[in-house]
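Should a chain be cited, it is by its letter among A, B, C, D and E, assigned in written order, with residues numbered from 1 in that chain.
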Amino acid sequence: MTPGREYFAARGLRGKTSVPTVLSLNDVHKSFGGIEVLRGVSLEAGDGDVVAIIGSSGSGKSTMLRCIPLLEMPDSGEIAVAGETIAMRETRHGRRAADDAQVQRVRGRLGFVFQSFNLWSHMTILENVIEAPIHVHKRQRAECIAEAEALLDKVGIVEKRNAYPAELSGGQQQRAAIARALATHPRALLFDEPTSALDPELVGEVLLVIRALAEEGRTMLIVTHEMNFARDVSNRAVFLHQGRIEEEGPPEQVFEQPVSERCRQFLTSHLARRG
Amino acid sequence: MTPGREYFAARGLRGKTSVPTVLSLNDVHKSFGGIEVLRGVSLEAGDGDVVAIIGSSGSGKSTMLRCIPLLEMPDSGEIAVAGETIAMRETRHGRRAADDAQVQRVRGRLGFVFQSFNLWSHMTILENVIEAPIHVHKRQRAECIAEAEALLDKVGIVEKRNAYPAELSGGQQQRAAIARALATHPRALLFDEPTSALDPELVGEVLLVIRALAEEGRTMLIVTHEMNFARDVSNRAVFLHQGRIEEEGPPEQVFEQPVSERCRQFLTSHLARRG
Amino acid sequence: KEWTTLRVATEGAFPPFNSQTPDGKVIGFEPDLLEVICTRAKLKCETVIQEWKGIIPGLLSGKYDAIMSGMSITPKRLEVIDFSIPYTNSPSTFAVMADNPLAKALGADARIYLTDEGTTKSSTEIATKALEGKTLAVQTATIQLDFAKTYLKGVKTRVYETTQEEDLDLKAGRVDAIFASGSSLVSTLEQSEGKIVLAGPKFYDGLLGIGSAFGILKDQPDLKAKLDAAIKSTIEDGTVKTLALKWFHVDTTPRQ
Amino acid sequence: MAYFTLIGFGPRGWGAALAQATLMTLAVSIAAFGVGIVFGMFGCWAKLSGSVVARGAATAYTTILRGIPDLLVIYLLYFGGSQAIGSIARLLGHQGFFGLNGFVVGTLAVGIVSGAYETEVLRGAYQAIPRGELEAARVAGMGRLLMLRRIIAPQTLRFALPGMGNVWQLVIKESALISVVGLVEIMNQTRIAVGSTGAAFSFYATGAALFLVVTTFSGAAFRRAERWAMRGMPSGGGRRA
Amino acid sequence: MTEFGFLSETFLTLIEGVPVTLTLVTSSVAIGGVLALALTLVRRASTIGNWLVSAYVFVLRGSPLLVQIFLIYYGLGQLGFVRQSFLWPFLREPYWCAITALALNTAAYQAEVLRGGLNAVPNGAIEAARVCGMTRFTMLRRIILPIAIRQALPAYTSEVVIMVKATSLASIITLFEVTGLAYSLVSETFRAFEVLSVAGAIYLAMNYALTTAFAVLERRLTPQSLPVPQRPISVA
């Protein structure tokens, strides 16, 4: 699968600012009950960028991802999507979004795959996928169904389209969640461990899907524990440690010559079991 | 990490019947709404056996595991734990366990780690862990707490002992679920993708925990998508395909010289991305 | 059976027949009369407060021996229980707002006995005509409701559960007149401070019954005889008249 | 008469009587609510049990007791009960009235009726428990009772509390119906006062206010209980968006 | 009169009250439902809204419906300016007062039932809706309410059944439906058991039809209650 790798390597050379920024986090902080989980995270991603986010459990990866669509409200710092900085205001009850309509608009441009899938239990798989295109993006029902079926076929669960989430295996639920996120043609996609429940074959397929999306110019952030996958899929990698970005760069650099001591140590355990 | 590998290789040579059987499934069938998900699965595991179960998404791995403590009622076939065959009877409403007390006794000897964790949301992590030892196994509270804290420490989340499940990251929840399953000192442990939310470091640690348990003579069935992990941890591997066991044997054989065409193909995608 | 004690049920919320003071003492026409009757019948009487809805079931189940609560003798009630002779009989009549022309239109203040068909017909025709297009308030399950159904055909009636509610709607203008027992209207007039007046003729007898009496269980001739004798003596020596004038401001002694 | 004289504690005021009636309402309601919970738990258990007979019986119970006017239940229990006992006693040669205690019968009647509602509330809440957590309890080897006590009951309570609050309100107001058995609770006392003084508004408004006093305190207790039951769900469902 | 003759006559008398009961229930439950939804929206919109709605729910749930009907009908009728106002032709009629009182009351209860349902909506489902850019309203309509209503249905069924019986209170403002007629008949004939049993049978029939309809709805809305056991969807 080297062609993909080369394709990205070429893009990786571009540097950060050569393409318009689609996603950006600027000095984002977030605490839960006094414990600081994010301690100033800054990150930018442009068109076609695929950023892999690695780090140990509890390092704040999910929290960081969840801050982008404001599922968690950052205590401080800025978030921008497609050039639009989300306006915040301080209230007596803490920080809030200043403009709900803006937040909805911004969210409409994003796709999110949750670590715990969060499919809507009262809808079938097909209904889950067509929900946002029809009701948020106001597209034609028939067209949405056709597209949804194509997507479900791509992830290999089209025959489960009329099943409810509770009737699916873990991997099938995860694929449904991926299809749901893709259905709105988002500018940027945020994946929280999108392959955790998938077998190696499917991981390979998801890899192909993500590459195709990158070629269409979509931006992606991918939190993952599978180092092979992270390396293959990304053109940039970020190592998060205790709420800070400890290491950032092209995957070759992060995975092979990490500067940070902590990152090297983290990867050792992986490498140790590769041979 | 070769010592472990050798240890298991030695044990793997024992053959199936040299040690008393702890878990056995005999020709288990299971359908959901007309679709046959398990089509006659037979499997035995003895003291200290660690069986890795691999297979593509939807092949029936979780269903098979869930049949053992009768979370799913098999349509036909027998299940035995620690030499005791679970008695079933046919009723007008289908097959049922004949003796509830027996089922509870058998379940009390098993530990189960769910694919979706299923922590009790109204209890803190510590309470989750001590629940069964105190209330099912009637052990001393103080002793249970001490042991639970040791366990939580082992999986690295002892500082979260008073947090509720909803306040934990995915990996932390998974580790809590593992600690909960270990707390009752079960004869046999059933793991459904126990490392899906874990980073490589933690995967390594879970590996060590499982090896230590195997040395204590505990029997384990582990469903997993991580082939490296499966190979490292097990002394026997089983490849499930469309509800049937297609390949079974020592990990070396299953992973390196699989007989079944389908198994070879499944593993290729993994191997392809290993280099 | 030898009667020495008697448990008597009263609603305790039907002035001026019976009502309560805040400390739970029952006052009114009936308690006063009961005292006299009990002395004369040599009975030790004990009063039980019982909500109206359950007052007859309570008697039937033996919770008390008699009911004295402004209960008129009617054929339907006679199907289930027995009555003593009546101790009071007040006429039924109309009440309207003082400034309403209806006060005059309902006809002259006269005693009409329903047993006399001629006067009944003419006076009810006048009343029916006066009430055309108007609304009349009557209380549910009363002899007055039966009267309205029989003699005031075509008049729109609205049925109320208690007398207080009739008063309120008369004042609010939702109804134009009330048709009720004269003695229960006494408190309506008092509480209205002159804004409400009685109007039209006063009707007696026939459908409207022969008055209020003790309700007792069937087949208890001893008790009935005892009560009847005592009531008779209070009527004859004018005790009933005195008490009626005190509580109702009119003489409601029943005809013998 | 001025309002405050009317409801005051003076010789012509109804204050003391109303206060006593309020205590009676409270006593009856608490007892009946307790009875209702017991019936509700049995009903819920029966409805969810595998037994066809138990389920049928529970369905009949909830359908009939929720379906018929509550007063009928009270009538049947109180007058019917006394009549039955009375006739048995007469057969045995005893005389007189064998009244059942009004408080006991009233409490029982309201309890049985509210138990039918409680059944439904508990069933709805039970079904909201994530299935996975029940499976986790099962594989831990928990028996039915243990699972009920340790997992199902606390979680059911969490989802049932708002509904149970409704049932509590219902019970308080249902207690007003049992004045037919002669208990002087708020509504009955109000009715007597209205009848005796004619001051309908003053007393109805005061009666309503007294009910509000009762519900203020019980409402606060329920809110506390809910907050406690929702522990561990910092982002519990239904948060503001 | 024979026992059977009495029962059938009672039945014929009481059945005349059924239309009154049904119109009162359907209109007040429908209006109350819309109101409850509005209250829920207001409650979630802001802190002040939450406070106001809580106060409303508190007062309406905390006092007897009987008193509420009484105050709306007789209380407002006492006030001179209400009688002068344009509302009087409307408030003059017992029917509209009854519907107003019943709807206001059930709205408070329904809002509470809905809140219980909302508490049971998994947070994950809400988050998934938020990240795909749904407006609050769409989210409420498409995700939250369907799940919440499903959860709240048993309690909601109870509420409607209670309303069917609560309509009997309308008799204090001169609307005689089944219970009102039954009480009149009881105080005419004093055969409480027989009359109330017939009334009970009529209510049972109405409520049985209602609960059956709701049970069907409940089954329809519960895909997971297919014969297969339920499976967890997600944690957290």
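Operating definition for what follows: a contact is a pair of C-beta atoms (placed from the backbone, for glycine too) under 8 Å apart; a residue touches a chain by one contact, two chains touch by 3 or more.
Not measured: the values here are computed from a predicted model.
Chains touching both chain A and chain D: B, E. Counting C-beta pairs in contact, the pair that comes out ahead of the other among C-E and B-D is B-D.
Computed from the mean C-alpha positions, the centre of chain A lies at a distance of 30 Å from the centre of chain B.
Chain A and chain E have CA centres that are 46 Å apart. Chain centres here are Cα means. That of chain B falls 84 Å from that of chain C. Our note on geometry: chain D versus chain E, Cα centroid distance of 18 Å, whole angstroms.
The set of chain E residues that touch two or more partner chains comprises 74, 78, 122-123, 130, 136, 192, 224, 226, 228-236. Counting only residues that touch two or more partner chains, chain A has 115-116, 166-167. Among the residues of chain C, those in touch with two or more other chains are 53-54, 57, 60, 165, 168.
Those residues of chain D lying in contact with chain C across their complex are 11-17, 75, 79, 82-83, 86, 96-99, 179-182, 184, 188, 191-198, 200. Here chain A touches chain E in the complex through residues 69, 71, 93, 100, 104-112, 114-122, 124, 131-132, 135-136, 164-168, 173, 180, 184, going by the rule given at the top. Taken together, the chain C residues at the contact with chain D in this complex read 11-15, 19-24, 48-51, 53-54, 57-58, 60-64, 162, 164-165, 167-168, 187, 191. Residues 74, 77-78, 83, 92, 94, 171-174, 176, 180, 183-184, 186-192 of chain E touch chain C in their complex. Contacts from chain E toward chain D in the complex involve residues 44, 58-59, 61-68, 70-71, 74-75, 78, 109, 112-113, 115-116, 118-123, 126, 130, 136, 139, 144, 148, 151-155, 157-159, 161-162, 165, 168, 179, 182, 192-193, 196-197, 199-200, 203-204, 206-208, 211, 224, 229-232, 235.
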